[in-house]
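First chain written, first letter: the chains are A, B, C, D and E, and each begins at residue 1.
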């Protein structure tokens, strides 16, 4: 006969107001196998937990049901209490009579009856509970950071400074990300390159950081503490070890007119190139699609001029396997494009803004390149169409953002501030120019942010018009902006020389594919999902994977850096232990009954099921059975539901436990 | 005390099989938001809808449930990536079988309720409770429990009395 | 009324009217966040006393009198530019239709009688002839609106170019047309249709 | 294809019998198979029973006749499992039996390379209780054979026999299925309730099913007890529901369960219904090709979920 | 390249205007289709679609009228070809709307005492020419290329709106008219007011509106260097052609810009006799322009 203790919590008034807790305890006491039942005002308080611990000793309890709040709230608390009372923590269960009962029902009799039922179900369950021992797995104290923008660099530096090895993987030929493209940064207007470049160099030179640029994640295996990452190092056609970064190859390359994506195609670059002068590593890459050698088999100039002989046309992609214990995902964002999207894409372009066909309608990042001292115009604001200095510039905010019609309903968060910054930069560079901004709401929460926005209006004389733009069209060499001012209720028409659209912040293309490789979840826009919006903002629901920066949602630089450091701190917390404990909610195979139909293997989302051969002492194969690798098992139990003979059982959710609950109804 | 409360002649027993990550959390959210719904639902928590064996549904009906609710994460949101996709097929087949056996499928509800959908949990639980209330008790399985072999019907006064005595 | 203080209370905000408009139009009113894109592109804005976004704003505040009393709703050309470009999928063109119907059913407290008159004659024409006969439409409009000389110069020009038919044949579906009108009236009488 | 005669010409069976014997002799003598699983004449006139022949001299015992109802796949999945230890086995299969073999291969119970499959062209077999030794007709042919689509097995190592013209038979099984589908749930419930109430839980259906090869059946377990084991209506209902569910997407329709049922419960109706549903839902048909994953072991992200709120 | 020639045949809903003020649209449509070998059979005793006035004040009436026309069209084989942009929009909206809304569908079904035909494909002439017939075949059929003629294609409001309903082309930046007229050799101009409102049915009640809106359309087309406008809607045509003189008087600017129905130009290009295209019923005489370009 079991000796179960039942502890009914009042939760102050939260439960006791609608549930007659004394009655629940009294009825519980009458249940078979219950040795002790009581109620208490706050079970989770120190005295409450002591009450529980004393009762375990006094009544020699071999199982506990705490009828209180949701197990999601306090299961850990009470299991720890049980543990310190000498009881296996998995013999402690919670009956949720708050969230599932007292808070959702008003009738006291009904709520009390329901609470008693819930307690009875949990008592029946706890009788079938087994003692479980947490599983320990060793931790590989090496971290992978995916993405070499400011988020990835910050996270990598923090982890490396703490003394751990870091593998930093970047898709582009250079690290730096979007921040390397920016001119100045709000709200202080310090030069982006000046604060970014030193960090890039630090990351590259750090003894604990291994840098893989021009590389992508091929596959991810394993689990927290024990991931195996396969990195695809794309063929650079340049041997990194040999290259000195002298730049002769780029200078001599006969292909010069390739649009430079880093400069938003405003400038050009050769076929063998570094994306920008401050690139890290300063090792060029051959753009094979545009290289004469690769297109025609003729040329070879770069190879001829390279002193160290670093050019290798035969180079192939390489796959490198990196064992790591934790992963920081920092893949960043890209800007929404107003061009017409292919059929089937949920995102629509802006036909009313010309679908991107009007040359002097540009996006915010293009404006950054125009304003950047290291940009294609040397920091002069010049129109892409004719290179003239625009005297009337119209900025339009919320293009794509907050527009459910266009497939995006969220606020991109950074545009209000960078548009204010743009008006200032413009005014600083074109003193006789006038900036106009069409906006819906100015969202400027943040330290010194609102003051910054006000400064754009009050001191830099930007004209802010509250209202949206219906249409843009070319008229001669001007762009007619048809907008409205909803404050005065009139239509506004501006003949602009340049129009800058603050287009929406979106996750990187391919964010979903990477998420599938990592086994992390993402929202309908493909932003990665954190485990808890408030309390676990940098953790993924998948253990051992952390998020930093705009891949999780639109973020400005201060927020991104904070989150990157937070993710790094989480990695360090993980690395502070040599071994990890995890809940032993894993499936086990009853080898006696298993007939190896391998239904379990077919449905396992984790690939945790293997075939195991049972041999006799002579080594003859007797039969094959299924085997669940407890390190890989995620604990979903799909195998058990699928197994015809129930020869695989999920600890913590066995058929016995569940049937007992159903039967207690 | 509660003037607005209606007195029903029949209070159905509803068993809800839910996954811990989405629907259980959604039901918690309904609690946190103090949304009200009928007190007929009894929740059995699973790690994932993928763990829910059709046998449990059958067992619940046999043990006196008047309605069964099965609920988990929306497709694509499964904490275990694909548990709910497997569950979806399994339940599609199982409900076809129950229908063919002659169980009124209005007593069996499947839903996706995410951790954020406290309101939807309330809606689903309320709707099923009220629908089953209108249908009356699940007599079919309960009658089977009372019957002995070879007895096609409750045709003796003793059996009738025994049936009436079932709570 | 135009400039008087808007006193807001649950009594002065007629939200039932808003719900009716939402039901008739099949479009949410609340969803609008007043970005003003509708007004920016509205070809008829300069003829209206309230720009389209303000019409929606008045509805959000339950101020239906201000909407129905104005001429804005009758100056909407149903070009659907607003609906097409609304970032929030507010179907303003349908809301305008719904408002006109409300005004029409209430026998029009609006100032804009010419447009209403033209609409009424147009629909009467359908009921009587099954099709439009522009000559008749224009002539009756001018008589009823008291603008006997309007477009006087255009008429003969059009007739000589065969553009206005002076005579017309009866449509063989006339009885059915009448039935459609009758059944709609009947449904409305029974409260089965809006 | 249709003939005007009302019976099936028995010449087919005699021809097939000869061919089986020749093939069996060949493979045994050549050592290509350690044993041949087939049918031999039963003790009573006009009956047949399974046979395992290892001696080439005894191949003349093998026969094929309308009485060869047994699905021999059973003899590889569980009944005479030990013979598999002898090496490669030759097995004589009708089209419906081959479907079971294919299913078992998909479930890792058999390997194709371990088998020498002798497919026989089959025009049909007898229904249970039919008069023996007369040509098959509307009166005597088994229900499953009336709508058979696999008279000629595909994918065997050798296939023997030529299909004669067949008379038209009433498709009683699909008619019965449609009749049930047209009923109200309450009517269906009382239909099944009456049938299941008769069940004596002899488990002949389980014994004869090639797919019921579990070491321990869920329904025999008592910790926890998922299904009541005594032959009472409640447990019977549960047993038949669990059985149908476990066979869903796997059962290839040999209808042996129904044939062996001493209480005449129309078990194959349940199997047919599940097969039909899974075909409609997921386009799955059991037994035509070796599939690594059955319909309930895989999914598509866009599977129907119209029944889920 | 060219797909195998197939015989195309359509049921035809001309709409009220095409029997009156826009008769040249009707004539040229029939002429064009005959020349291209496309069958066209008028729906007998069709009714007015209700146009803008009906849905303006009485949606149910508007839907019922269109639904009635759809069921009348059921009797005539082939997809329903519609010339007038307004009728096209109303018929499409009716199908789109009633497919989604069961309540309204029931009401309409009661009003017209029959089922609503949601299946009959409703197609604008442009769609038939560009998609069903094909631009390659159109080019092949050209006898008199319109080379040298600079055309401003004017879409107006209802050819592509409301979004998601007509599915004719991109709702904001359509090119179907340019592609069709380009296929017969005309030059098209890039201009800004292709989809601005002309003032529509205010032509009767508030002509002042029309003068302003249509005025800016003409202005923009002229500034872009167009010789003429091409339209696919009788109402737009009315405002731009019939009222052009008044607009000139009001603005003091001289346009003299002929306004063609697209079928007139296409028919001319495929060799239909100019006399059959109703050029004489246009208020702004197009003949001088056509003579200048050597097209008549």
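Note that a residue touches a chain if its C-beta (ideal position, glycine included) is under 8 Å from a C-beta of that chain, and two chains touch if they have at least 3 such contacts.
All values reported here derive from a predicted model rather than from experimental measurement.
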Other chains in touch with both subunit B and subunit E: A
Chains contacting each of subunit C and subunit D, listed by label: A
Contact-graph distance - origin subunit B, target subunit C: 2
Farthest chain relative to subunit D (centres taken as mean CA coordinates): C
Chain whose averaged C-alpha position falls nearest the assembly-wide average: A
Two chains sharing the most C-beta contacts: C-E
Mean-CA-position distance for subunit D and subunit B (Å): 36
Cα-centroid distance, subunit A relative to subunit D, in whole angstrom: 52
Averaged-CA centre spacing for the pair subunit E and subunit D, given as whole angstrom: 66
Residue list for subunit D, restricted to those that touch at least two other chains: 218, 226, 296-298
In subunit E, residues with contacts to at least two other chains: 171-172
Per-residue multi-chain contacts in subunit B, two or more chains: 59, 76, 82, 86, 90
Chain pairs that touch, as defined at the top of this document: A-B, A-C, A-D, A-E, B-D, C-E
Subunit E residues touching subunit C - in the complex, by the definition given at the top: 16-17, 19-23, 44-48, 50-61, 64-65, 68, 72, 101, 107, 110-113, 157-158, 161-163, 171-172, 195-197, 199-202, 204-207, 209, 212-213, 242, 280-283
Subunit D partner contacts - residues on subunit B that touch it in the complex: 54-55, 58-59, 62, 75-76, 82, 85-86, 88-105, 109-112, 124, 140-141, 144-145, 147-152
Sites on subunit C touched by subunit E in the complex: 24, 26, 43-44, 46-47, 75, 77-81, 83-85, 91, 93, 97-98, 100-101, 104, 114-119, 122-123, 125-126, 130-135, 137-138, 141, 145, 150-151, 154, 157-158, 161-165, 171-173, 176-177, 179-181, 183-184, 187, 192-194
Residues of subunit A touching subunit C in the complex: 352, 398, 402-406, 440, 466-471, 482-486, 489-492
Contact set on subunit D toward subunit A in their complex: 107-109, 213-218, 221, 223-226, 246, 292-294, 296-298
